[in-house]
Structure formats: structure tokens, C-alpha cells
Amino acid sequence: MIQTELTVLANNKIAEQTIEMQLGLASDKLVTEAEKFMPGQFLHVKVGEADTPMLRRPISIADMDSDGNITIIFKISGRGTDMLGKQSVGSQIDALLPCGTGYPVEELNLDTALLIGGGIGVPPLYYLGKTLASRGTRVISILGFQKEDQVFYKEKFMNLGETIIVTDDGSLGEKGFVTDYMSKHIAEFDCFFSCGPTPMLRAVTEKLSGRRGYISVEQRMGCGIGACYACVVPSKSETGFKKICKDGPVFAANEVNL
Amino acid sequence: MIQTELTVLANNKIAEQTIEMQLGLASDKLVTEAEKFMPGQFLHVKVGEADTPMLRRPISIADMDSDGNITIIFKISGRGTDMLGKQSVGSQIDALLPCGTGYPVEELNLDTALLIGGGIGVPPLYYLGKTLASRGTRVISILGFQKEDQVFYKEKFMNLGETIIVTDDGSLGEKGFVTDYMSKHIAEFDCFFSCGPTPMLRAVTEKLSGRRGYISVEQRMGCGIGACYACVVPSKSETGFKKICKDGPVFAANEVNL
Amino acid sequence: MISLETKLPGLHLKNPVMPASGCFGFGREFSELFDLNQLGAVVIKAATYESRYGNQTPRVAETAAGMLNAIGLQNPGVEAICKEELPYLSRFDIPVIANVAGSTIEEYVAVAKMLDETGLIQALELNISCPNVKEGGIQFGMDPGLAAEVTAQVKKTVDTPVYVKLSPNTADIVQMAKAVETAGADGLSMINTLTGMQIDLPSRKPLLANQTGGLSGPAIKPIAIRMVYEVRQHSGLPIIGMGGISTAEDVLEFLLAGASAVAVGTANIHDPFACMKIIERLPQVLQKYGFQNMEEAIEGGNRHEADLSRS
Amino acid sequence: MISLETKLPGLHLKNPVMPASGCFGFGREFSELFDLNQLGAVVIKAATYESRYGNQTPRVAETAAGMLNAIGLQNPGVEAICKEELPYLSRFDIPVIANVAGSTIEEYVAVAKMLDETGLIQALELNISCPNVKEGGIQFGMDPGLAAEVTAQVKKTVDTPVYVKLSPNTADIVQMAKAVETAGADGLSMINTLTGMQIDLPSRKPLLANQTGGLSGPAIKPIAIRMVYEVRQHSGLPIIGMGGISTAEDVLEFLLAGASAVAVGTANIHDPFACMKIIERLPQVLQKYGFQNMEEAIEGGNRHEADLSRS
């Protein structure tokens, strides 16, 4: 892991309160490092000055291009993301990266993968889906949003494979929750991958219990490097906790208790 | 007094760590108000965001032009002035103004005025000197600085009248302290005006005790409007304190105990 | 439009926001900036029996998200306050709360009595928590027995409701609250400042002339919220909450923690319009979080006594 | 080049800067980022006798210039620490200070003894001040008698120097310091966190699962400075100062207040290189303010006992 200044290369609003930002690494050496960044890993971003705001914000890697540029997609939901969203092209952002353990894409040899994402859980699934597709895996995506205004990356996911958009109010795509639309593909996939709010993850893992799958878990973080024990999740196997920022954020679906 | 956003019209470094900034008022109505601003009054400036830094910074009015634009001159001496100095042309600065009670120029009818300033005490004396000169008063200025690099407004003061520059190390003008060069003019002035660090004010008022004069006093401030009792100075006449931000910063030389 | 009305003993407030004692003088300076009638109430600077000159300067220092002050109870004395300040404030249609300090129980009682007799105040706030003068009351604020005694004596003497202002410089705020509740207090004000210090690096010694000062501002809000919450679990007294409030969201946080009204201190010092801005935004914030009125917000905190035992 | 060397009982430090307990784990994560040998020392996460799982999540919240944490002493237990963590740290050439917590005096003694017997630590830090677990020691930190007792019992059992980590959640820090000094402590660590709370507006209840948490970061620095200064006037024990340090200037402020070394906590959490940056800049800062070495800075505070009586 390194701490570095990333340069904002692009800052676009792609949905309501949702920003897509492209970030460039400072040196070629880092770009070589960046080739090892895995889907599911995140940046731990410091915005503002010194102690204001105090803590870093974890934001997933949503995409990487061949020049080692990183795309993040985030929702403006408080002070830190608001400040981050205001960073203009050319400004510098302090980040720790890559943080955490991503999806084990290299170890998996899948025919068909089912991606199930909700809201700000969708971004990391894009980089995952892209990586899986490039390895020959068929990718099916079920993506949930509150309403039409909040939907992003619909076309991008459609380019990877079959994509079902679900909105709470049916304003775009299907109406309801992602879990309502999994049955159609229940027989097809080898492995599922889910990221989103905890209640959604709970519902997904329950419905798909017994199936091979990975989930990406969120929690309020301190250090982001595994030293402060802020970001734990109860482990299913051992009695005790796993650290989301180090052992996760990606866990096997049967590894942790949500 | 009003609270308003001032627009930075110019930001120039005029000496080592010393910034001259021109600030514009937002509306014509304010410009009319600004005609009443007196030399010796100050702005109470908020830099940064919300509570960072917490307190406002008092900065004297160094000059006013006929459009109601305000000039301030300040030394970068800590976090707040550093942030203020970085404000680029076009940005907005939150200020309370005009604060305090200035020099009673309207009530004074002087033949000759002696201005004695030290370091960041020099700026308010410029607006004072200009106002006095415009009223037909002969202005003599003795201005002390640490060294050549820190001298500013030498020509501007020379345009107002005889000006003696004194530096601690003699790197420009005379060597020593302002108090060493007052004797030459001791018989000539009706009234002296002094602004600078407290030890200098103490030395000046002691040497000129018995003479009519005004001094401008500095102290750490809270509210800047007379409500919090942070910025007091012991009064000579009554037992008790005067508020620098409201009763001052300008006091008759025999009014307060330094 | 959501109503901001709220009632506490002796106080019928248009809205729950008042300036905190010592951060608003006696209102004169602020009255030149806006109409004081828009405030929920006014809390005036501490009154002592004799006039006090306060501490030497510097009296304030800036800290991270806060400030230190060591004013030292400078005030013109209770007589001058009754003669000059209260009549001035009585021209406004808002409750006036008088903050009382003293070195002895007798002084508290005498000051409270004179203020009470003017008929120009709606509540007394006993400042048993000023950390900035040796004889300024903090010894009363650190000793439950003394706090109870001064409360009881003042209550015996005056008709006006009595709020006791608690000091956070204690290991057990609940014990203090219970002591003054038993002694007859009508309400609590909390919190006063925490004792702090800043060292001036060039001179190598404390920056404030008084050496220590009271820490206030957003920095202390988590401590204030915790104390209000804890006291709310164990005392039925209404609480005027304060400590670091600078936004309408902060006000709601105090209400949910257990306060029935709030005071804004340090925020006035960096922004004289702070109270006005907070009052203006408060209805929107209440609405955003699903409250129709003040009562719902005050009762709205999900406080579980059972849970607290875990902490 | 100014030497940063400083000596405290049991500790010969290359420089006075060490990470504070709980903000640095057992050093493993940081050792991947920089060479731990550059630190003055390492203070490891609290050890208890049995392994502890800690509190539910959320465990941290952000506050103005600070944070709240309620980790709850999660640790693998002293045996695992002695077997796995200390041998790992012993590969570095820096003193290791082991932080000890417990629910009973017996637990403190047993944990201290096991750590002592490894021969791999240079000092013990008794954490009698963790506000985040009911049985985590804070009752020891609020009662001078208990604090003295636990100190005396541990001292009787171990050879390693014992530092006692004081809680700021007390009305009288000097009394606590004196109690543990009399009981034989070799030094003091101060301060631990202040108990605070944040209410989550959408859910209307405390944000932390544990409800309350410990407040740390720049927000609390003025309180820490005041406490270090006060204790320095009344106790001869060397002090490891902490609370809100994030710059080399902050380090000097603590030294002038009376500390002989410092620990950096929260700053590591938002910037893992915080200690490194501080250590790098410290010589310049000492020089700027006219100090040639650590001793001068430690002795350099213009502390006047006479003055303090004014406050």
C-alpha cells in the first residue's frame, strides 16, 4: 500500500448527487503498481485540510484504464464526499491505495457470474464485471437504485452482458428490489458477487445461501490499513471479528455474519 | 457595523511576508456607508471554512479609495493571515466592518501631526496620514521596521510629507528604534499618532508624556464587537477596563495603561 | 410551517435558541445587528455582587475547532445590571435569563435576590462552573454538597425559576445533576467550558494571562452531548443544552440527546448572526428528520435506559 | 543537527515520538509503510488476559477536529501477544511499551507479569482509563485509591518500569497522579480519551453501537496540555504526553507543558505517516524556538508555581 497524491483528471456528475471522477497516478512506477489493483479494493481518501474533516473516506475502485488511471464513483452524502465532489480537474487528492482485499478473480474460473449491486455498491462491481468478462466469464448484472435519477452505468454494464435495472419505484427498469429478480438466473451462475447496503446483502445471502458467492461489506472506518480495529465484522467460522479494511471488504458469503 | 462579503480586487506582496490587498464592497449602498469609515477602524475578517480557524482576525483599514474600495496590509504571521494571503483575486472574504473607534480626525484641527508606526502598526497610519494631509495638516512620519526587506509604503508616506524610515539593523534608512528619532521633531507637532507593538507604544508614550497624542492598541480578540470582553486594556482614569474593539483600538495616549 | 415553540419552567420560548451567557454581553451590541425579538431568549453575562474587572490579557486563545477564554467574570456588578441592562432588555419581547456568579453562598443569594426583585427576568442561571476565577464558583460546581447548598439557599430566596449551570470538569455529571435536583433546581444548563491551556511557543509559557481558560466550541460538543444524554436518563429536570452548537443540525442533536432548549456560545463570537441563521434553518432541519414540532424532537431521542448500562 | 535523544525510566529513546496505544495495532501494518526503527518507541494495543472481541460496530465517529472511538479493547489476549506480537516487534531496535488493561487488579497483575517475563518489553503502561468497556479499567482511573492499589500490586510483581495512563474524565488529575506516584509508578502517560457521544440524526440514537466513545484528536489538546502542566507542578514523575498531537509544534507544546516524551494517537489514523513527518520536522521546530536539544525543551517551560495559584 502507498500514500500518494492523485490528480483529478475528470469530474462528471453522472446521476443525482453522484460523481464519476477519474484520478491519475503521479509516476510511471505507480502505474506499474496499479496493474495489480484488484476489483473490490478501495482508496482511502483524505479531503480538506489537516484535521478538517478528521477521517479519511473509503471509496471503491470503479474502473482502471490501461494508463493506470483510476475511476471512482461516489454519492455526495455528507461533508467529506461533498468536498471531494468539488475538487476541480487538476487538483490533487491524498489517498492510501490500494486498500483491502478484493475479489479473487485470478483464482476463479467461472462460466457465468451474477453481479448484484445496490446504490453506491454498484461501482466496484463494474471493475469486477469488466475483469471477469475479459477473462471469458459470462456476466449477468442485477443493479438496484432508488429511482431513475440515481441510475448510472446502465449502458456500461449492458456492454458486459445481460443487465437488469431495478428501481424501488419502477421509474426505470423493473420495480422493487434486486432480490425479486434473482430467481430468473438462479440456475445459471457459478458464483455470485454482491455489494450494497447491509440489509440488501443480508437478503441476498439469505436467498442464495448454500451458493458460492462473495460479498463486499461496508463499515465506518478509521485507519483503513488494519491497525485500529474500527471496521470489524463478526466472523462466521471463528468466534471473533474480521477487519473489513484488511481482510475485506470482500468476503466469501459464508465467511461473515452481517 | 455590517457583516458582508468583500471581493478581493488585488493581492500583492509588497514586502517580506507582507501582503497588500484591495477589497471591494458588494453594493453601492455599502459604498455610501464606506465613506464614513474612519482611519484607525478595522475589519474583523473570517478566513477558512466554518470553525477552521475558529476566530476572526482584526486587520486595520490601510486606505480607502473614492469607489469605497478598502486596502488592507498585513503580515503573514500565522495560520489565519497565511490563509488570507492565499485568497486570489475574485474570491470573497467575510468581514465585519467597520469595527472600533478610529482617530477623531474630524474634531482635530492640526498644523503638524507626527505619525510613529512600527511594523504592522504602519498600515492604519497611512489612511490617517492621507486624511490629515487632505485636511491641510503637515504630516511627519517616523516608521520602524526590522530590516530593509520588510519596509513598505516608503514612497507613499513620503508623498504625504517628511518621512524617516528606521530599521533595527540600519539596512534601510536610520538604524535603531523609532523613539531614537523623535527628538528632531519634538517641538514641531501638535499631536502625535502611534501604532505598533505594545513595547514600542510604551516607549513612545513615555517619551512623549504630557504631549497630546493618540495610540492604537492591539490585543487578541474574540467577537470584535464589544460583547465578549476579550480585548480589554486597563483604563487610566477609571478603575477598570476599556474594550479595544469598541472603545478603541484608538485611545488618547493618557487614557489607557499599556 | 413548523412551530418552534417550547416551554420550560418560567420560560415560554418562541424558539429553543438563545445565546449563551458571556457570549452576548447584555445584548446591546447584537441589537444593533438584528432584532433581538427573533431569539428564543437572552442569557446575560454573569452578574456578581460587586463589579469585577476580570483577568489580565490575553484572555482568549484559538484552538482546533474551539477557543479558550479566561475573561474572569468582568461585569459592572448586579446593581448596575439591574439599573441599566435589564431595563434596556425589557424593551424586547423575549425572556431574559440572568446568569449569577459568586464567591460565597451569600453572594449568590444576594445577587439572585436583587435580580429577582427587578421583576425583569424570567429565570436565573446559577453559574457554579466558571473555571476562570478562583472564587468564581467552580468549587461549587465540583462538589455536589456545595452545589446543592447554594441551589437550596437561592431557591429559598427567590420566586423566579432557577436553572443550575453544570461544569463538565467532573467525573460524575449525573451525581451533580441529582444533587441540585434534590435541592430544588427547576432546570439545568449544561455544559460550561472545560478547563484547558495553550502554551505560547515563543515565550514558552501559557498564552493566557490567567494560564488556564475555558474550552468551548465544536471541539467539546461530543462531551456536551454525552453529558446531556447521561443526565437525561437519571433526572427529570428540563435541560438547556449547550457546547459547540453552530448549526441547526447541532440543535437537533442536543434535543435528541435530551435537551428542551439550547444555548449558542462561541458561534456568536465568530459569527454574530449565528443564532439568527440557526433559528432560520431549524424548521427545515426538523422537517428533514421527520419532526412536526419541538415536542416530537425533544421526545424523539431513541433513549434506552437498558442500553446505557452497556457503556 | 539537533539531537532528539531523551531518557525516561527504562526507555532510552532516539527521539521523543511514539505512536499511542490502540492507534498503531502491534506495528505490523505500519511496518509495511516505513521503517519502525525511526520511531522513538512503539506502544502496543491494550492487552487483557483473555482475548477480547470488543464492541459492536459502528466503533468510530467523526467529530470537529477529533473522533470518537469505542473499540472496546479488542485484542488476542496476552498469551498470543507474548507469543506472536512481541517477538515480531523485537526484530526492531526500538523500545516496546506494552499497554495493559483488565477488569480486576488480579488481571492487571497477571497480564503485566506475563509481559514482563518475556523480556521483550522495556516498559508497561497501565491503562486505567479506557472509557469504552465497563470492565476496562476506567473505574480504576476515577478512584485514586484503586489506582494506587493496582499500581502497587503491579510494581510488586514486575521489574519493568511501570507508567500509569491517566484518564482525563476526572475533576482532579493531580490527585490521581499523586496517588499512583506514591504507589510507586515510574512515570505517567496522559491523557487517555474523554468520554463523548454523537447522536445520529436519521436514526435518532447514538451513532456508536457502544453509545459513548472516547474523544481524541486536536480537539482535546488544550485539555491535555492543561493536565500535563498541572501534574508537572505537583509530581516529579516523568510524563509521556499525548492528546491531539499532529505536528512537531504540538510536540514542543507538550514538552514545554512538562512532558518528557510524547505519543501520537489519532493523527496516525488519518495519516499513517504522521509520526514520521513529526520526527522529521522536530529538529527544525526546536531550533526555531531556540532549543539545542531535548533537555532544554523539557526544562524550558516557563513554569511558575506561584503563578499557578492564580488560576
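Per-chain numbering from 1; labels A, B, C and D assigned in written order.
Throughout what follows, a residue touches a chain if its C-beta (ideal position, glycine included) is under 8 Å from a C-beta of that chain, and two chains touch if they have at least 3 such contacts.
Since this is a predicted model, take the numbers as computed values, not measurements.
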Touch-connected components when chain C is not counted:
one piece
What's the chain with its C-alpha centre farthest out from chain B?
A
Geometric centre distance via CA averages, chain C-chain B, whole Å:
36
Intercentroid distance (Cα basis), chain C paired with chain A, Å:
46
Measuring centre to centre with CA averages, how many angstrom lie between chain C and chain D?
33
Among the residues of chain D, which ones contact at least 2 other chains?
63-66, 217-218
Using the touch rule from the top of the page, what residues of chain A touch 2 or more other chains?
51-52
Which residues of chain A touch chain B in their complex?
49, 52
Where on chain C is chain B touching in the complex?
22-25, 28-30, 32-33, 45, 51, 53-54, 57-67, 69, 71, 74, 217-218, 246, 266, 268-273
Listed in rising order, the residues of chain C that touch chain D in the complex are 63-66, 68, 134, 142, 169-171, 194-199, 201-206, 210-213, 215, 217-223, 225-226, 229, 244, 249, 252-253, 256-257, 289, 300-304, 307-308, 310-311
Give the list of chain B residues in touch with chain C in this complex.
1, 3, 46, 50-56, 96, 219-223, 225-233, 239-241, 246
